[in-house]
Structures are given as structure tokens and as C-alpha cells.
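Down below are the structures I want you to see.
The same subunit A turns up in both complexes below, where it pairs with subunit B and then with subunit C.
On to the complex of A and B.
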């Protein structure tokens, strides 16, 4: 690892949460406007974060913090792999590790809400994981490499060759961000059938760290979207932001579905679309 | 060359077997098993040392013509006895199919080996050739095998205690275990296909004897199933021997492996290779032959651990990987990849619906073997490297996990995953080891996941196989994370019990977990030292290569341009830090800051575990949360028939293709 790489990684680790937090703030503002409310200030996520950090630490068992840290560290690991332009497939696996860590944290408590939330989260992973892996394969079929650096060396944007995969990826993004209609492993409001699902039993610093991980995840996922248009990168980033806005709209106009429905549709439509795209990539010599 | 080592690898287990059977005294048996364990370690070490010093990368043991002839006839004689004994089992248990399949093997065997009806038997001059693939198998058999046997000392004592046996059957049990190990060692070292067939049949017989060891009705039924399903493979094997002999004029396994690139892939050879693959499928319990391995769970735990990790099932994948270069890049190779990939996804799907821990392990074994066979079928250098690495990682992790489940079962009296809630409190030592074992099957940077990653990266040229691996990989995450989550469920401030484990159990678990960690941390040197020479020696046209440098493994094209890779050591750093952090954080949190979990009503008492709550109507209700098993989708009864049908279809297509080639 050269000094340059370390510097890039450090900058990314510092910048990503700030960007992510801001995006979440904007999300809340836009959501409020869509619902005819005024909404909190854009910096509200940061105020929340620091307030949570300052709360008295309460735990339900002694091991929760380990899983929270695992969730955070591996999200950071995936982010570092992205900015250092490493192997895309391994990045996906490390992202999955981060998800599994959260699931274990939720399951480590004997609370029915967090356990059911964890089970649903597993279902979500089962639904989106194949699409993420297929996306990597699609990228390989275009660039002939699994390294992200080779996406940047490729002369044409991936989007031209992988439009259906792009759509499938946007679709699973909704699941990954736990936005409506796929917000069933956790819910935005405290008085639903699931309370807060996977995060029910986390509080104070733990919850703050989970929020932080969510911000990093958001930046990471938007980063993956912008890979589809890596040349010039600013177009990709613009596309990613538009996609995020689109997610917010979807979040506000849809009601929650059941997990059975989600798994079925994702496996049929999501994997289907991705496969169709990949199959035609195979037919191009 | 150094014959003593070779003889030790085969005859030492046989001697230990005899001693175990003759000496009925428990203490003497412990001594025999312990000494044999150490000696077998030494044998494995000796082979490693020999191999490192050998310039050409393989050890060739050449016999005098007379000796060769004598040994050849000796093996033929033993083979004959074996047929008689298996036939006798068929008659004794009134299982016609066993008898029929034995006769079906016996007739061609007599005509071929004794009377030479199908032309002269071309026995290779070099009876034993050990290359790096054999060496890896020897390491698995002679290191993990004895550890499992040693574990059996403590386990069988408790096991027989539960069964209330008047006369201990342990002498017989340990005898068969040692014969099994000796036969496996011989199987992987010999270069003579017909000798391999003999040892192959010995393992089949041993698996029957071990599975039916407890003598209950169900044990015998499952043992017989293992016997006849593996005999199907035996029939395929012996027909393949005839065809290889006619088409290649030799029975040398090395020659078969090299035949593909020399333009010999015509005539009867494709059929022979196809049949050998089918023999491998039966041994490795691929769909539709999987039921015997599932039935094997009735056997005592050390047996399951042996069958699943390093002996029986690995013999099948060993054969397929061994002959893979012969069909690399052909239709047959593609179909083998499809068959393996199909098994991977099918077994992973059914595993989701299982709450019996041993069954989850069973299906996960079948899935991983499917992945190995799939990689062998893909037939590039990288995929073969993935196959061999997965053989290693799977053997250590699965051997460990079976022993863990056996220990847990002795401890809590159940092998149901749901009963393992809060296991950490009752069995902290076993729990920690079990969880690390499970994580090693699932998450980066442990070896199993790295090989899965390699498998996906090499399968990109075959869309159907790729889809199978990707779906299977997603399903794998489901059943492992469900199980890990249950085991790690912890109530507040548990009062740790000190586990009472016998020395042999504790030692076996500790050594295996050390091996799991060592193999994964040292993936780069492991690959460079043992796997890479074999991959280079394989006769394949493919140019892409795996290299193990710079703290990880990297996929390289011919011009050394890296197109995939991963620095696994860095991630191990993080993992190890987390593993140290767990106890520290656990100790730091003070009880005053702990609260009970949030239940569906107000918590019933001051109990911080949150076991019951007050429901509407002031009734006290217990909290019960179960995992999702989705039996309506992934149920064993629902899927097995259809999956068997599909797998059967793949096998028929495979046969049709090789006959048409």
C-alpha cells in the first residue's frame, strides 16, 4: 500500500459519513415537503448522532457492541475497497459480511421484535445478494476484469452495455436502503407491528454507530451506481443522485409489502432482468 | 524410494486396527489410538518433507516386477474376498439390490482381471505415484482422520454410556476407523486404477459397517442404502476400468489425467471418464445420490465427521479433480460443472428448511462437494486451484463442525438448532469454537468464501453454472446466519458454567480450530507450497493463473495483468482484533447499565433475560421466537423428488453426451 492509497482511504473514511449524513438530512427535508410538512434542518442527522453518542449507555447483553462495530468496520472495509478500486466481487462479499454482522447483533438478544427483524433482514439479503453478484458478472463481461480500476480504464460507460442490470441494481437499492415498500426489517415509526425491527434493542452509542454505518452504506451504494457512468465521473455521480431522489419518491408513494412478495418479485424480475442483460452480453463476441 | 513411509501410511493404520480389535482394554486402546495419531502425523510430515526435497514435484515408487505381480495378485485376492463379504451382507439383510450390484461388479471383474477376456490388462509399472494432489489428500486423511479418531475416544465412552451397552463395541468401531484411514491413504497414493477400485470398495464397505455400527433397525437400513448407492458407483467404476484399458492401453491414473491434451479424447475414453465422474458423484453424494450421506447421520459423530470431511466423500471429488484435466474444456467438462453447480444450489436450498443441526451440516457438505465438482468441471487452472483449496478448507472446517455438534449434543441432549439458544452460557468453550467454525464456512476472509469467490470469477464463461453458483451462494448465507444468530443469542450477564469435556474432545476441537485458522490465514503460502505445483503440473491449455503474493491471492492473465484479487491478510487483522474485543467489551460493561429486552407487553418480573411478559388479560406468557425455515418453499419433502428428477436428467444427458462424443 502506497502513501497515496492510505491517504485516499483516510479521506474517504472521513468524507463518506459527512456526505451520507447530509444526504440523509436532505432526504428528510424532501420527504417532509412531499408530505406537506416543513421538516427538520438539513443538519438534523448530525444533531441526532451527537445526541445519541451522549446518551447513557444501555445494553441488553454484553456482546451487542461487538456486532455494531463489525457492521461498521466492514462497511468501512467495503468503502475502502471501492475508493482503492479493488476487486468488485470481494467488495460485495464484504458488504454482505457487514449485513450478517447486523443480523447477528439483532439475533443476539432475546427480543421478539429484533429477532423477527433479523429474520426479515436475512430474507432481504437472500433477495438482493444474487442481483449484486450478477451485477459484478455483468461488469466483468464488459471490462474483462473484476477490478474496479479497470472500469475506469474502460473507454465506454458501462450503462450503455448494462441498462437492464442498472435497473435491477436500482431496484435492489430500495431493499438495501430499507425504503418503502421494502422496509419490513425495520420501520420508520416506533409504533408499528415490528417497533424498529433489527434496531429495536440498540440504543445510545450503538444506535449512533448504526446510523453512521447507514450513512457510509448510502455513499458506498451511490458510489456503485456512479460506476455505471465512470467516464466522466461527475455524470455518474449526478445519475446516482437522481436515483437517490427517485428512491425517496418511491419511499413516499408506496406502502409496505410482505417479505414473501418481495423475495418472489426480486428473484423473478430482478434476477430475470439482470440475466437477460448478461445473456445478451454473452452473445456479443 | 523411501518405501517405509509408504508402507507406514497404509499398513500402520491396518496394524492399529488389528491392535484396537484384539486389545479389549480401554486404557490400552487409548494408548494405541494416541500413538497411532502421533505416528500418522509423522507420516504426513514425512511425506511433506520428501515432497519439498523432491526436484520433479512427485514421488515415484517403482516395484520389482515380481513384487508387483505378487502385490497385484494379493489385491485381486482381497478384492475377491470383498465381493464375497458384500454379497454375504446382501443375503444376510435380504437386500436383493446389494447382491445384484455386487454380481454386476463381480462378473466383469472376474472376466477382466482373472481371465483377461477384454484384452491384456495393462497394469502400470509405477504402482504408487504421489504428486501434490495426493500429498494434500494424505495430509487431510492422516492429520484430520487421527484427530477425529482421537475425539472418538472420549465421545464413544459417553455414547455407549447413553446406549447402556453391556459389552463395549468400541474395539470393532476403532478397528474399522483405522482400516478406513489406511484404505483412504492407499486410494490417493496408487497410480493403478484397478487398485484404486479395490480401495474404493473398501471405503464403501467401511462406510456401511460404520453407519450401521449401532445395530439399530434404522442404522442398518441407512447403512444398506449407503452400500447399494455406492455400489452403483462401483459398477460404473469397473466398467470405466475396462474401457480405459482398451482405449489407452494403460491403467495409469496419471496417463488418464494427461490424455486430454494428447488428442486421445475419442473412442471409448469419454464414456470411461463420464462413468468415472458418475462413480465420483455417488461417492461424493451428489444429487440424485445424496440420500446415503443424509442417512449417515444416524452413525456416531466421529463417523459423520470422517465421512463428511476428509475420507469417503473426498475420495469422490479427489477422483473427479484428478481426471479433470482429461476433459477440461469439453462438453463433458461443461456437464460435470452443471451437475456440480446444480447440487450446490439444490442442497443449499433444502438446507434452509432444516432445523436439525446435523442435517444442515449434511446439506452444506453436499453443497460444497457440488461446488468442488463444479470447479473441476469448469477446468481452468484457477478453477482447479479453487477446487483443491476448497477440498482443504472444507475438510478442516466441516470436520470441526461435526465434532462441535456432537459435543453440543452430548452437552444439551439435542441437535435441534432451536434448542441451542443461549448455548454460550452452558458451553462457552464449545460455543466459541463452533461459531468460529461456522464463520469460517461463510464469511471473508476465511478460505471457504475465498474459494467461492474464485469459483464465481472463473465460472463467468458458463452462464448456467454461474447462475447456480450465485443463487447457491445467496442461499448459503441464509442458513448459516440463522444458525449463528441462534447460537450467539445471549441473555444478560450469564453465569458461565465450566464445561466438563474429556481431554480427547477438548484436544481435538482445539487442534482443529487452530488448523482452520492457520489454513485461512496462510492461504497464500498454502497455495504456493502445495496447490500451485499441482496446478502447473496439470496438463491444461488454459493460460490464466492464480498467484499468492502480497498478503493475498490474485487472478492473473497470461501477461500478468491482475484481473481480480484480494488481500486477505488485512481482513484477518480486523477479524482478530474483533475476536479480542469481544471478551474485553464483555467484561467492561457494568451490570447497572444493562436492561431487559423489549417484549410484547411489560416484562413479567425483574429477570433481565426477558423470558416472559404480561399479555392482555394479565396472563403471563412465555416469549417464543423461532427462525424462519420456510418449509412450504424449501421443505425437504417438497423439493427432494423434483431435484432428484432434474439431477437424474443431468446425469442422463451427461451419459448421452459422452456416448455421442
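On to the complex of A and C.
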């Protein structure tokens, strides 16, 4: 690992939360404008974060912090792998570990809200993990390698050969960002049927770290979208931002669905689209 | 003070508990959160979970049945925290003060920082009460630090 790589990783670790927090702030502002409100300042997520750091720490049990830190560090690990253009398959596994840490944290307490939230989170993982893995398979079929650096070396953008996989990935993005209609593991508003789902029993610094992880996750997922148009990278980033705006619109116009509906539709439409794309590439080389 | 103190003023998360209110003050409290008054532009979010909340809004008079619930919610909130009593019933017990099962105002059970009078309290007054409570959060944080030392 050269000095250059270490420098890139450090810059990414510092820049990603700032960028993610700003994107969340813009999300809240746009959402407010769509509901004909003025909305909070763009820096509101940072205010929330620093306020939570200053609060008293109440831990329900001693292992909770370990899971929160696991959730954070696995997300950072996945981010570092993305910016260093490492193995895409390994990145997906590390991302799954990050999700599992959160579920373990939510399961480690005795609150029924937290447990139900964790169970719904498991359903979400069950829905999106196959699509993420099929995306890696599709990328391998196109570039002949799992490495992200080979996507950049590939002469044609991935989007031309993987359009259906791209749609499936955007669909999965809604589940991964926990936006409505798939926000049932952490209900968006705290006074709904699940209070706050998996984050119910976390408070103070722990909740702040969970928010930080959310910001990093957002940047990571938008980065994965931009890989689909990697040749001029700025086009990819533009596509990712348009997708994010699309997610905000979907978030505002839809109500929550049941987990059965989510798993059914994700498996039929998401995996279906991904498989059709991969089979089509085998038939028409 | 630093960035944490500044952030504390800009992101007060409220939690609303209804102690046998007649629904008059409740509806006015929730009206503050609607797009018309749009409390979110001040960073105010209604969180429904005591572990995330900074400010507890209590409406209605406290009686012997919900006293334990109110204490439980208050004790689950992490410091620094504030309590705002909204409406005549929450301030003094109101017209129910003489009832045999009513304990009177909220201050008989948990410490109250801001009293918002009125029957029912106007949304402007409630938002003003929340803003006053935000000002008291910093003092509480200072006291919290002294206890830690």
C-alpha cells in the first residue's frame, strides 16, 4: 500500500461524512419544499449530530457500543475499498457485515420495538442482498474481473450492457436507504407504529454514530451507482445525484408497504430483471 | 461555548405526553408541528421516543394512574433535558384540581422548567415555551458537567 493510497483513504474517510451529511440536509430541505414548508437549514443533520454527542450516555447493555462501532467501521471499510478501487465482491460482503452489526445491536436489547425493527431489517437484507450479488456477477460478466479498477479500465460504460441491473440496483437503493415505501425497520417519523425501530434503544453518542454511518452509507451507495457510468466519472456522479433526487420524490409520494410485498416484488422484479440481464449477455455476447 | 452548545440550540427534539388532557392542548401542540407553523425549520422534531428526546411537553393534569408513566418517561430521557407544562391543567391542575384522584400540576411529580398558561394554550405560546426551554438546556448541560466532575 503506497503513501498515495493511504492519503486517498484518509481524504475519503474525512470527506464522505461531510458530503453525506450535506446530502441528507438537502434531502430534508427538498422534502420540506415538496410539502410546502420552509424546512430546516441545510446544516441541520450536523446540528443533530453534535447535539447528540453532547448528551448523556445511557447504554442498555455493555455490548451495544461494540455493535455500533462495528456498524461504523465496516461501513468505513467498504468506503475505503471503493475509493481504492478494490474487489467489488468483498465490498458487498463487508457492507453486509455492517448491516448485520446493526441487527445484532438492535437484538441485544429487550425492547420489543427494537426486536421487531431488527426482524424487519433482516427481511430487508433478505430482499436486497441477492440483487447486490447479482450486480457483482453482471459486472464480472462484462469486465471479466471483480476489481473496481477494471471497471475504470473498461472501454465502454457498464450502463450500456447492464441497463436492467441498473434499474434493479436503484430499486434496491430505496430499501438500503430505508426510504418510504420500504422504511419499516426505522420508521421515518418517531411517532409511528415502530417508534424508531432498530434505533429505539440507542441514545446520545451511539445514535450520533449511527447517523454518521448512515451518511457514509449514502455516499458509498451513490458511489456504487456512479460506477455504472465510470468512464467520465462526473457523468456517473451526475446520474447518482439524479437517482437520489428520484428517491426523495418516491419517498414523498408513497406510503409504507408490508414486508411480504417488499420481498415478493424485490425477488420477482429485482432478481428477475437482474437475471434477464445476465442471461441476455450470455445469449448475445 | 463550542459547537455542541450551538447545536443544542438548533436541534431540540421534543416528545409529547398527554396526561389525561381534554385534547384541547394536544391538538394545539400538534398544530405547532404542522406545515402551517412548521416547527421543523427551527430543528424541532417530534420523536415519540424518550431516549431521543430533549424536551418533554406535558399536557393535562396528573392523576394517580399516570404519575408513574410520566416519571418513567422523564427518567428515560438522557440529560440535558427540559420539561414544558402546557395549558392550565398541566400548570396547576386547572378545573380538575379539586378532584380526589388528581395530584394537581405536573410540577408535583417531575421538575418543570417552563409553564405555558392558557386554556387551551395558543400554538404561538407553545412555540415560545419551547424556545424558552431551549435557552435553559445550556444551563442544564453546565450543571451536568459539574456533577460529572
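In this section, the second predicted complex is superposed on the first by the 284 of 285 C-alpha atoms of A that agree within 3 Å, B and C clash if a C-alpha of one lies under 4 Å from a C-alpha of the other, contacts with A are read in each partner's own complex, and residues count from 1 in each chain.
Basically, contacts are C-beta pairs under 8 Å (C-beta built on N, C-alpha and C of every residue); 3 or more make two chains touch, one makes a residue touch a chain.
Everything numeric in this text was worked out from a predicted model, so none of it was measured.
S.K.: Contact-wise, after the overlay, does A:200 reach subunit B, subunit C, both or neither (first, second, both, neither)?
M.R.: A:200 sits against subunit B and subunit C alike.
S.K.: Quick check for you: in the superposed arrangement, does A:104 touch first (subunit B), second (subunit C), both or neither?
M.R.: first
S.K.: Give one of first, second, both or neither to describe whether A:56 is in contact with subunit B, with subunit C, with both, or with none.
M.R.: Both partners, subunit B and subunit C.
S.K.: Who contacts more of subunit A, subunit B or subunit C?
M.R.: B
S.K.: Report for A:73: first if it touches subunit B alone, second if subunit C alone, otherwise both or neither.
M.R.: Once the two structures are laid over each other on A, A:73 reaches subunit B alone.
S.K.: According to the stated criteria, A:47 is in contact with first (subunit B), second (subunit C), both, or neither; which is it?
M.R.: second
S.K.: Just to be sure I read the superposition right, which of the two partners does A:89 touch: subunit B = first, subunit C = second, or both, or neither?
M.R.: The first partner, subunit B, only.
S.K.: Once the shared chain is lined up, is A:126 touching subunit B (first), subunit C (second), both, or neither of them?
M.R.: first
S.K.: After lining up the shared chain so the two structures overlap, which partner does A:36 touch, if you call subunit B first and subunit C second: first, second, both or neither?
M.R.: A:36 sits against subunit C, while subunit B stays out of touch.
S.K.: If you lay the two complexes on top of each other, which residues of subunit A touch subunit B in one and subunit C in the other?
M.R.: The overlap between the subunit B and subunit C interfaces on subunit A comprises residues 56-58, 195, 200-201.
S.K.: Which residues, counting only subunit A, touch subunit C once they are in their complex?
M.R.: Those in contact with subunit C are residues 28, 32, 35-41, 44, 46-51, 53-58, 189-192, 195-196, 199-204, 207.
S.K.: Show which residues of subunit C lie in contact with subunit A when the two form their complex.
M.R.: 3-8, 10-11, 35, 38, 40-43, 45-49, 51-52, 54, 76, 78-80, 141, 144
S.K.: Which residues, counting only subunit A, touch subunit B once they are in their complex?
M.R.: 56-63, 65-66, 69-70, 73-74, 77, 86-87, 89-90, 93-94, 96-97, 100, 103-104, 106-116, 118-119, 122-123, 125-126, 129-130, 133-134, 136-137, 140-141, 144-147, 150, 195, 200-201, 271, 275, 278-279, 282
S.K.: In the complex formed with subunit A, which residues of subunit B make contact?
M.R.: Residue list for subunit B touching subunit A: 421-422, 442-444, 449, 453, 456-457, 460, 463, 466-467, 470-471, 473-475, 477-478, 481-482, 484-486, 488-493, 555, 561-566, 571, 574, 578, 581-582, 585-587, 589, 593-600, 609-611, 623, 625, 627-628.
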